[in-house]
Each structure stands twice: as structure tokens, then as C-alpha cells.
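Chain lettering (A, B and C) follows the sequence in which the chains are written, and residue indices restart at 1 in each chain.
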């Protein structure tokens, strides 16, 4: 695993264009800014091409879109494919809401994305595997998570990150499992969105998206683990600011020391 | 007062659908997630029915809506009434802006809601009682707050929570006053919105909305008081994260110890 | 410099109407509320006139607008000019996106504003001076920042605040430079938006906008410096909440003690 991509990210300071979820946008912007990227957000079609051209990557969070925003999302994805800028997609709640699942599958069928990052309920829904998602939460299912993630990666020819207690990263063949975890991630609603946007930062500086996704997941998970270990009790509200603190402070050496994957 | 509804909430982990105020949505989502509910947000009409069906309750914050969002709000309220899901309404600034007052009264006249939660200026405006509200703040008036809240409860056949230095909860006949308070609530713009959404969580697990609203107010107020007491000076910015910390940490015993109501 | 305008602000508690950037709106609302103003936000045209009439000032953040929001922004600016309410404009990323630059120049050509606050890349773009902006960041250029800011002030007959390592405030003739700084401002995406809205608060209580802008900048910069000095390492995520803490705690004496300008 190329953990020193973290240094590359900070040297290159990539512009990370985010079509964001309005629920978590502030923390996401601060998180990736603290990490070392330069976030920019937009909801306007007329600047879509300019945004894509200046960006090193595009992260599209489908956490709370309207039909109108969907038009802008399609436009941005079209330009991203045209200008060969990698796209990360976060398919929030597609496991729970049929409308979201349909729109998301339509987008993924038409455009080429670099990485899909969701919880296992969302990954299963897109892969067409039975799973009982619960709202924005993963819920429970009986299928094998690794096979489910691989199925989705092969369906859309992209890297898939299925995050949860263990994070699974696959390009459809090879699989990396990351075991760094903290219960605090579930207590903080920005965790998933911030992880997706962190992957967006790394695919902006590394063309091997499978490598980029691995580094992003390990950096993010270790940062969260470091924060959680420093707390004597679970501080659900303080976790967010302290995670952003750590995304700035963490270095390659710390990530290498704590990284737990196979 | 059924303070152990807090345990029920955490056991049932209700899905709390929030049509939120974009100003405070991130803290509201984190607050109710920390408390023990599962928040989900949406602004799209096409998924309104699916959202209502999966949700245990709906909280509608009228803090910053547009005409377009109003259509979605009406659709959501219609489905909520159809599927018998309780609605909590937060009528932000209806005391200061005639347009908001009119739209809000129209909604309340057409749909059945479980609880209205506002400051006394907002409650007075909806009740048709003279009051000088100031922007998003309560302002000052000479009418009796308890009678004003009862008038509104009877007008729309629902529970009314008029929050302020003393919080008043009424079903139009019975009245509970909660005295737990902190000046920090006024320094934190998310306080009112988060209280409304907390009430939303409790009406999702308790069919007696008057009981649910009481528990919600006491849990929320005690949590804020505990945080405020732990500070040696008023930390307006740190209060938000620490309130979210406490909404997760607080238990029935602590609420019972500090609860101050009659 | 009239540093005691801070006391005036807290006595008068002005209503600060903000058309905000959805990325940072929560922190901006909390920041100006903590400082001593009463924030109110709206995106709806139908309440534009009521909002402007009740407000003491209007801050318009062009950080992430859509064509639709632009209609509302124009309406608000028209009413603000009609009712003689001062407008502060924050032209986010006009140095990087041609579409934003054009829309912003159109607005500024048609309406009279009190203050423009941007980084030097944004100020240069509006002034028509060559500069290499980088996304939302200032980037680098070879022109003289003071002359660039003066040029813009004379172009639109308003006060210009060009913020950066040194903050420049000019009415087109006189120039004040503020040297209070902290690297943490760059690590926190809300810094610029919050500074613009802080200026909005002060122009709501002081008709001499050049004086109001100076006080706003010095109060804000000193608050940030006080927070930064209290940290043993740069906490990118904790800086936001602590800056809001300090905006409430800071007093005229502290600002006078640390203010560093000429």
C-alpha cells in the first residue's frame, strides 16, 4: 500500500470538486481542506465545465439530491468523462429508497466512475444483492460482503469501497480489508461523506484508483482511531472537529504505525 | 413524566425524517443521531412517499424554505397524515415575517400535526396574539405565555411547546413548565431546531404526544444545563459539539436527578 | 480606529440578513450570533422585501449560487438600495470561474454596495488586474495588492477589504493594513465567509463603512490570533468552534491590546 501518497497529496494540493450532501457539507469541506486538498463546491450547471476543468477529481454525494440537482450532476459527470477527471460516487441511502437506487443506477450505467463508496447496504443494493438497509444505515444481510463488493466493481468496472466495521476495497479481483475502526464513526453523520471525499482527494493525485482508494481508507480510518483512542468516553459531537484536527496533523509515519489491513 | 422514554428511544432507534433548515442541518442530524435516532433528510418530492413510509416521525423546520420546497413540504405532510406518522412543525420567524406566517397557517389549517415547537414570539403569531418578535428571536410581549400556548394548541388541536427561559408544554388543557435552562442556548443558533427534532424523535416512539414532548424537552434542557455547568465561561462555539456529546452520554438517571418542572 | 464599535454592536444587536454560502452557513450564523448580532437567512424571493426592511444590513455571499438564487439576490439588492440598507458582497472564486466573475460584475455594476470583501485573487479579478487564482484560494500574482484593492474600490465606489496574510482595507484613497494573522484561518474554510458577515454586522451599526470595515477586520483577526496562540499545535477542526467562542468572549480591551495595524 502506498501510504506516502499522503505526502504526494499535500505537495500537489489537488482541487477537489465536490457535489456535496447539504447535511454534511461544512465538515466535508473542512476535512479535506485540513487533509491538504483544496475543496470547491458548486450546484450551478453554467459553471460545471469550468469547475471540472480546474478540478483534479470530482466527488458526487447523492445524499440529498433533487431532480433539478440531478441535471447538474449528469452534466458534471459528462464533462468529467470528457476531460478524463476521476469521479467518486457516494450512493447515500440507495438501499432504502427505490427512487435513489434507480437514479443512481442510471447514472452509473451511463458514465464511467473511478470509485463507488458506500456502506454494505448501499453496495448490495447497487449490486442487485438482497440486503435489509435501514434508512441511511447499513442494516443487516446474509450475503458475503466481499463477494457483494466484487460483484458491484465488476458491474460498473470501477473500484468499490464498502465501509463498515471492516472496510473492503476491491477492483473486482483483488481485495484489501482494512480493520482500523471506531464506534465513533457511526455516531458522527459526516463519516461516510467525509471518507468518500477523502477518496476523491487521493484519486486526484494517483491514477491507480485502487491504490488511491486504499490509502484514503487507511489514512481516514487511522485518523479516526487515533481520535477515538484519545477519548475516555465516546464524545459524539466533539469527534467531528477532532477528526478534522487529526486529518491535518496525521503523517505517513503515524499511518504506517497503526495501519491494520490485509 | 415518562423520562424512561429515553431508554425506549434508544432501543427502538426510530427513523427520524427531517425537512430541515439548511442553516443548522448538520448539527441537528448529529444531535438526533447521538441521542439514539436515525436521521434522514430529503428535499425531493419523488421520494416523499418512500421517506414517510420508512420514517417513524417527520419534523418540518420552516426556517428557510422556498416556494419550491413548500410544494415538497405539503406533499410530505399529506403522506404523513395518510400513513398516520406524527409531524412536528418548527415555525421559524413566523412572528417577524408575514409571508412565513401565512404559509405556515395555511399548512396547519390543512394538515394535522402532532406538535408545534416555537419560541413565544412564534407561538403568539400563530395563535393570533399580539407580540413583538425580533427576527429569529422571541422579542417581547405582554400577553400571558401559558394562555397564548394553550390558545394555539386549541386552534390546531395539537401539542404546543413554547420554548424560552421557561419552556411551556401544553395540549390545550394541561400545562407542564420546565425550568431547566442555560443562557448558552441563546448563543447557539441550532438550539431551537435541535429541540424540535428531538421532539420528533420522541413522538416516533410514544403515541401520547404530550408525554413525548415533555420527555424531549426535559432531556434536551437537562443536557444543555449539564454542559453549561461544566463550563467556567460561556463558550458559544464549543457549546454545540458538547451538547451533542451530552445527548449521547446522558441517561435516565441523570435526567431524573436534574429535571426541574411542574 | 473605532474599536469600541464592538460595544455599540452588542448594545444595538443588529439584525444581520445573510444570503449565505451553504458550505459554511452554520458556522457563519453561530459566529455572528456569538459576536452580538441577530442572524437571519432566507432564499425566498417572496419574503425579500420583509427581510430587507427588518434588517440592519445585508451580506451576500456568492460562494455557491445557482441561476435561480441569482434572481433572489438581485431582488434583495434592489430592495436594499431602495431602503438604504448597506450591502456587503463576498465574491467567492470569481478569480477562478469566469461565470462567477461575469455575474458578480453585473451585480456590482447595477447595485450600490457598501463593502466588497475577498481574497486578493478575487479582488484582482473584479478590478480587472491579472492574477492567478487557484479555486477558492488566492493564488499568486505580481501586481501590488494595495493598488489593486484601491482600483476596485474606485471602480465600484465602495470600501474594499482584500484579506490575506496582511488584510488591506481601503475606500479608494485611504488605506489601512491589518497585520494580525494566523495560519489557522487558511485551514478553516469558514474564515473568509465569517469575516464578510462580521463586516456585515458592523456596517449595520456604523454609517461610515470604512470605519465599520476596519473594526470588523481587527476584531475578527485578533479573535483568531488569540485562539491560535492558545493552541500548542494547529487544530484545523477545533479552530472553528473556538473562534466562535472567542467572538463572544472578546472585548474592546483585548482587541486594543493586540490590534496591529497602520
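Methods note: contacts are C-beta pairs under 8 Å (C-beta built on N, C-alpha and C of every residue); 3 or more make two chains touch, one makes a residue touch a chain.
The shown structure was predicted, so the numbers you read here are calculated from the model rather than taken from an experiment.
Enquirer: Please tell me whether the contact surfaces of subunit A and subunit B are same or different in residue numbering, using the over-half criterion.
Expert: The interface of subunit A with subunit B is built from mostly unshared positions.
Enquirer: Roughly how big is the turn, in degrees to the nearest 5, that lines up subunit A with subunit C by CA atoms?
Expert: Result for this pair is 120 degrees.
Enquirer: So, what's the distance in Å between the C-alpha centres of subunit B and subunit A?
Expert: Those two chain centres are 32 Å apart.
Enquirer: Residues of subunit C that touch two or more other chains: which are they?
Expert: Residue numbers touching two or more other chains: 22, 25-26, 240-241.
Enquirer: Can you check the complex and tell me which residues of subunit B touch subunit C?
Expert: Going through subunit B, the ones touching subunit C are 22-27, 63-67, 93, 96-100, 134-137, 187-190, 233-238, 240-241.
Enquirer: Can you list the subunit C residues touching subunit B in their complex?
Expert: On the subunit C side, the touching residues are 15, 20, 22, 25-26, 29-31, 33-34, 38-47, 50-51, 54, 240-249.
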